[in-house]
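One chain, chain A, links the two complexes that follow: it is found with chain B in the first and with chain C in the second.
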Partner chain A sequence: MKSRTTFYTALTYAAGLLFLAVFIGPILWFLALAIRSAETAFEMPPQLTFEPTLDAFRHILVDPGTNAPQLVNSLIVAIGAVLLNLPFSVPAAYALSRFKLRGKKNIMLWYLGLLMAPPVAFLIPYFVLITRVGLQGSYLSMVLVLQTLTIPFSVWLMKSFIDEVPAELEEAARVDGARWHTIMWRITLPIVRPGIIVTSMFAFVFAWNNAAFPLVLSSRSTATLPIGTLGYFATSGVTWNYIAAAAVLAMIPPMIIFLVFDRYVVRGLTFGSVKG
Partner chain B sequence: MHATTIRSPQALSPVRKSFVRRNLPYLLIAPSVVMLLGLIAYPLLFALKSSFYFWNLQVGPQPLAFVGLDNYVQAINAFDFRAALTNTLILSVVGTATEFSLGLAIALVLLKALPGMNVVRALLILPTTIAPIVVGFLFRYLYDPGGGLVTWVLQSLWLPVPAEGILGSPSTALAAILFVDIWQWTPFFAIVIYASLLAVPDEIIEAARLDRASAWTILMRIKLPLIRRTAIIIVMLRFMQIFNTFDTVLVLTRGGPGTSTRTLGYSLYEQGLVNFNVGLVSAQTWIAVLIVNIIVALYVFFAFRNEEW
Partner chain C sequence: MASMTFDGIGKTFSDGTVAVANVSFTVADGEFVVLVGPSGCGKSTLLRMAAGLELLNSGRLLMDDHDVSNTEAQDRDIAMVFQNYALYPHMTVYENMAFGLQQRKMPKDKIEKLVRDAAEMLDLTKYLHRKPGALSGGQRQRVAMGRAIVRHPMAFLMDEPLSNLDAKLRVQMRAELKLLNQRLGVTTLYVTHDQVEAMTMGDRVAVLKPVGNAGESNLQQIDTPQRLYDRPANIFVAGFIGSPAMNFVRAELRAEGAGLRAAIAGTGISFPVPASAVLSAYAGRQVVVGIRPEMFLVCPEAEALFNEPVPVAEALGADTYVFFDIASPPVDVNDAEEPEEFKRKGTNRLVARIPPAATPAPNQRLPLTVDLQQLHWFDPLTGTAIRD
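Showing the complex of A and B:
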């Protein structure tokens, strides 16, 4: 019996290592590409040992620093999209969580349906619209259009957080004569502040990872990081080290957010419908 | 003097207040709905109107002629658009099924709760966090015929690799795209299924064990039915993701070779942003929107009809 248990334990650990090799290995291999010399990138058989160098990062960030402004642009667009979305999504989530209203299910599904609309299909109309109102190439155009993703996402996730605040707390305040906005501002929202932070973080990842909208709406000076990586591709003679360095830069913020907010990952990824 | 009833401002205010009170939830929802309607209705109506015109931005800035349903006929008859529909369907069905099965298997291993497995679980989600366009670059490197890791592993295992490379051959390109999708989304399934299996009460499993139910029976008869709601939701979210993805294909294959990896998203991208065929892409958009809506409506109808909200 004992040896059988040991065998299963060993098997489980072997499986765990296999998962890491398959799912994390490629990421590390790509990271290695960013910090190795260009000559060793495609050697066969693959070279596990190499002289690490930060040349690629120096190239993309400092000299000539092709991607440094794009990093800033990505931050501006993603943070802008999150900030603009909160005043729209938080009241809606509050209403959907706290009040009885007709067609609640349909409203919730409508938000979800919007998340399913293929954004590529809307790119040309957005391009025409944004050009007509003279916003082409602006941060605002991207921030605005990203609301089609961030608002529905945040409404769903925020609702799940507000659902967890006991209604009795609000009842007590109401009995004391507090009005609804006092209750919302002074009682419910302060309690769900962690929920607002978690929602904002995952909405940030959504906006940060989006490449479709900046692809048509950004200009050379407002291009975000994913567009920057595509730029290397357009030039002849693919410079893999630079691509990898820029891509690693684009990967880091979402990864940090997912690792720090580990407890909320399941919830974030399922828009609050599965409690992790 | 007789007493007259004068309406004081105080008497009025309950009436006004009750309007706000009565419509409060709707007033709180309204800003988000108005904002979204503005952002969604415009493109949809624009596409609807454009779909009846011959309009190519390479030919002229304005629509050239009203062509009725020609764009729709052209879209449906176009071999490449039908190929895109088929490929998207294959990717979503095979991809989702594989990701669910592998995800479930991984979740069951993670549930063993051995020391250190928590680290595996936390790291496992990383592929899902990466932007699709970046995943595209990552696998373009791995698939490279001249020194990619995947190519090398396959060759080391004496498996045949097409001379044109994995992405260059029509026989392997779609499978390669599918593999990328599975790589990125299996962790998502694993983590979510793990979390919901964790919520299954131990007593139920214990009771079944005492009744001498096999591990397989417990899995199929108890655990899976209990996480049905989760399964419904993640399959739907995944489906949504697959219809939206075009960036991975853009970086990896541009829909080629031929039409072998063309997806719906990529097809829309190419007609709109490479060929600037506004009329045709608008018709394709409406076909895509109708297909997605029908599938989602059917799905929601069957999956959510018994749900409490």
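Showing the complex of A and C:
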């Protein structure tokens, strides 16, 4: 009996370790790649001990520092995408959740379809469109086109949050004498604030991680960090430690966001408790 | 304060379900009227129409002779207490109570005074800065009440406000609510499915029944609790009001000398009926007899009308409820009874309320008679009471 328990415990740990290796392993390996010298990167057998160096980070951020402005560009585009996203997706989600609309289901499915289609399929039309209106290479072009990804996703997410707010709360506010706009601003939106934060987080990360749109829409001066990272594949041979350093850099903002706002994610996922 | 008149109100939902039809009654200024009935009887829909949350398809709703049928909820000056309280979770108790006053653009100092007065009345003063999540069920219930009374509205609407409380608290809040209503004298329309709540709280009680089509009416009877109990208009009201419910048995009336004799269907039991003009008209016909549990009297075996074994006895301390079966087809209070159903076989379970000392041992026979003067009589086809 006891040995069987031990066996299963061991099996559980083994499975856990396997999962860790698959999910965390590559990240650790890339982290290691970013802080070791380029020469030792691909030595066989792999060297597990090495002299850590910040040379790669110095190269990408300071001298010549190609990726520093790209980091700023990424922030501008991602924050811009979030700011443009909310005023459209939140009212849309509110309307889809609360009002009786003809074809409501079709609208929701259409949003989902937009999410499922590979962005690459739209690259050329978007490029032509943006060029025609004279926005090529601008931050605005990327912010605009990213909305095709962030708005559908945000509407779906926000709608599920708004659905969770009991209709009685809005009815109580109506009987209390409030008009619909007061109800939205003072009752519904404050209650779904965790939802708005979670939605913004995801919109930010979507925009931050997107490489396809900036690839065709950005110019040299507005290129984002993923584009900069890709750039190392083309120039003076493949410089793995620079790529790794840029990738690690690109990982930091989403990680910070999730660390700071994780309580909202948890609250967002256990949203039913609003009723209590 | 205002009176509230429902004038031929009807509501059919978009899927064709008739929720409410032909309901007319008036709640007088300051009166406490309870709407009671089983689920689906339209009581909540009526309340929501009174609040303006649901539109009416037919009829008019008057408040003090003003037609408010098409007035928005926001403009009706009515306060509503919801079943799950619907407190704004992100606002403190103070903000919850002040919200309605703020919508009426009342000056801040006046709001402050009204909220503090209401909080004092409801013993909520020390919780004013807490959020609803940090309150107990009873406290939340009081906040919901506070949010209503702070506005001094024309009328209160309450949708099963006590149903989420535990039994003990419910009894306590029942009395508190009734006192509050007497103190404030506000016109109140109160919805519940609990007939005990209806009987104990209402100045008058309206008994509602689900309707099958737009030709019927949900409203079965509206009267004081005692009159509903003593003189139910029909078999539905008789069966709904009272706990345990009234017993119904099928019987055939026949003339016997100058009077009448009733024979309980399927059994050999018969008893003389006090003569009355309306009952005489039913001689030779079938009727439904209503016997309240307390009308049964324990008697010597020789005088017994019923002498059946008692499989179950519920001792409540002051009284004992005894259940026994007679070999007579049961009565469905929701349906018209066709004559052939009287010939059907079946057992009808009756309940009697007896003094605890008379409680029989399990399955022992208990001789019972009935106070014949108090029996209720109903027409089996229409369900209406047969009464002078």
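We take it that the second predicted complex is superposed on the first by the 253 of 276 C-alpha atoms of A that agree within 3 Å, B and C clash if a C-alpha of one lies under 4 Å from a C-alpha of the other, contacts with A are read in each partner's own complex, and residues count from 1 in each chain.
In this text, a residue touches a chain if its C-beta (ideal position, glycine included) is under 8 Å from a C-beta of that chain, and two chains touch if they have at least 3 such contacts.
Note that the structure is a prediction, hence the values are computed from the model and not measured.
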Combined model on chain A where chain B meets chain C, clash or fit: fit
Touched partner set for A:F42, first chain B, second chain C, both or neither: first
Which of chain B and chain C A:F23 touches, first, second, both or neither: first
Of chain B and chain C, the chain that contacts the larger number of chain A residues: B
Which superposed partner A:T182 touches (first chain B, second chain C, both, neither): second
Touching partner for A:L54 - first (chain B), second (chain C), both, neither: neither
Partner chain in contact with A:A10 - chain B first, chain C second, else both or neither: neither
Contacts of A:A172 with chain B and chain C, given as first, second, both or neither: second
First, second, both or neither for A:V133, with chain B first and chain C second: neither
Minimum distance between Cα atoms of chain B and chain C in the superposition (Å): 10
Chain B and chain C contact sites that coincide on chain A, given as residue numbers: 274-276
Residues of chain C defined as touching chain A within the complex: 51-53, 72-76, 78-80, 82-84, 86-90, 99-100, 103-104, 133, 147, 151, 157
Residues on chain A engaged by chain C in the complex (per definition of touch): 166, 168-169, 171-179, 182, 186-187, 190-191, 193, 274-276
Contact set on chain B toward chain A in their complex: 21, 24-26, 28-29, 31-33, 35-36, 39-40, 42-44, 46-47, 106, 109, 112, 114, 116-117, 120, 122-134, 137-139, 141-142, 144, 146-149, 152, 156, 183, 186-188, 191-192, 195-196, 199, 230, 233-234, 237, 239-240, 243-244, 246-247, 251, 264-266, 268-269, 272-273, 278, 281-282, 284-285, 288-289, 292-293, 296, 300, 304, 307, 309
Chain A to chain B touching residues, read off their complex: 9, 12-13, 15-16, 19-20, 22-24, 26-27, 29-30, 33, 41-46, 87-89, 91-92, 94-96, 98-101, 104-105, 107-109, 111, 113-126, 128-129, 144-145, 147-148, 151-152, 155, 180, 205, 208-212, 215-216, 226, 229-230, 233, 240, 243-244, 247, 250-251, 254-255, 257-259, 262, 265-266, 269-271, 273-276
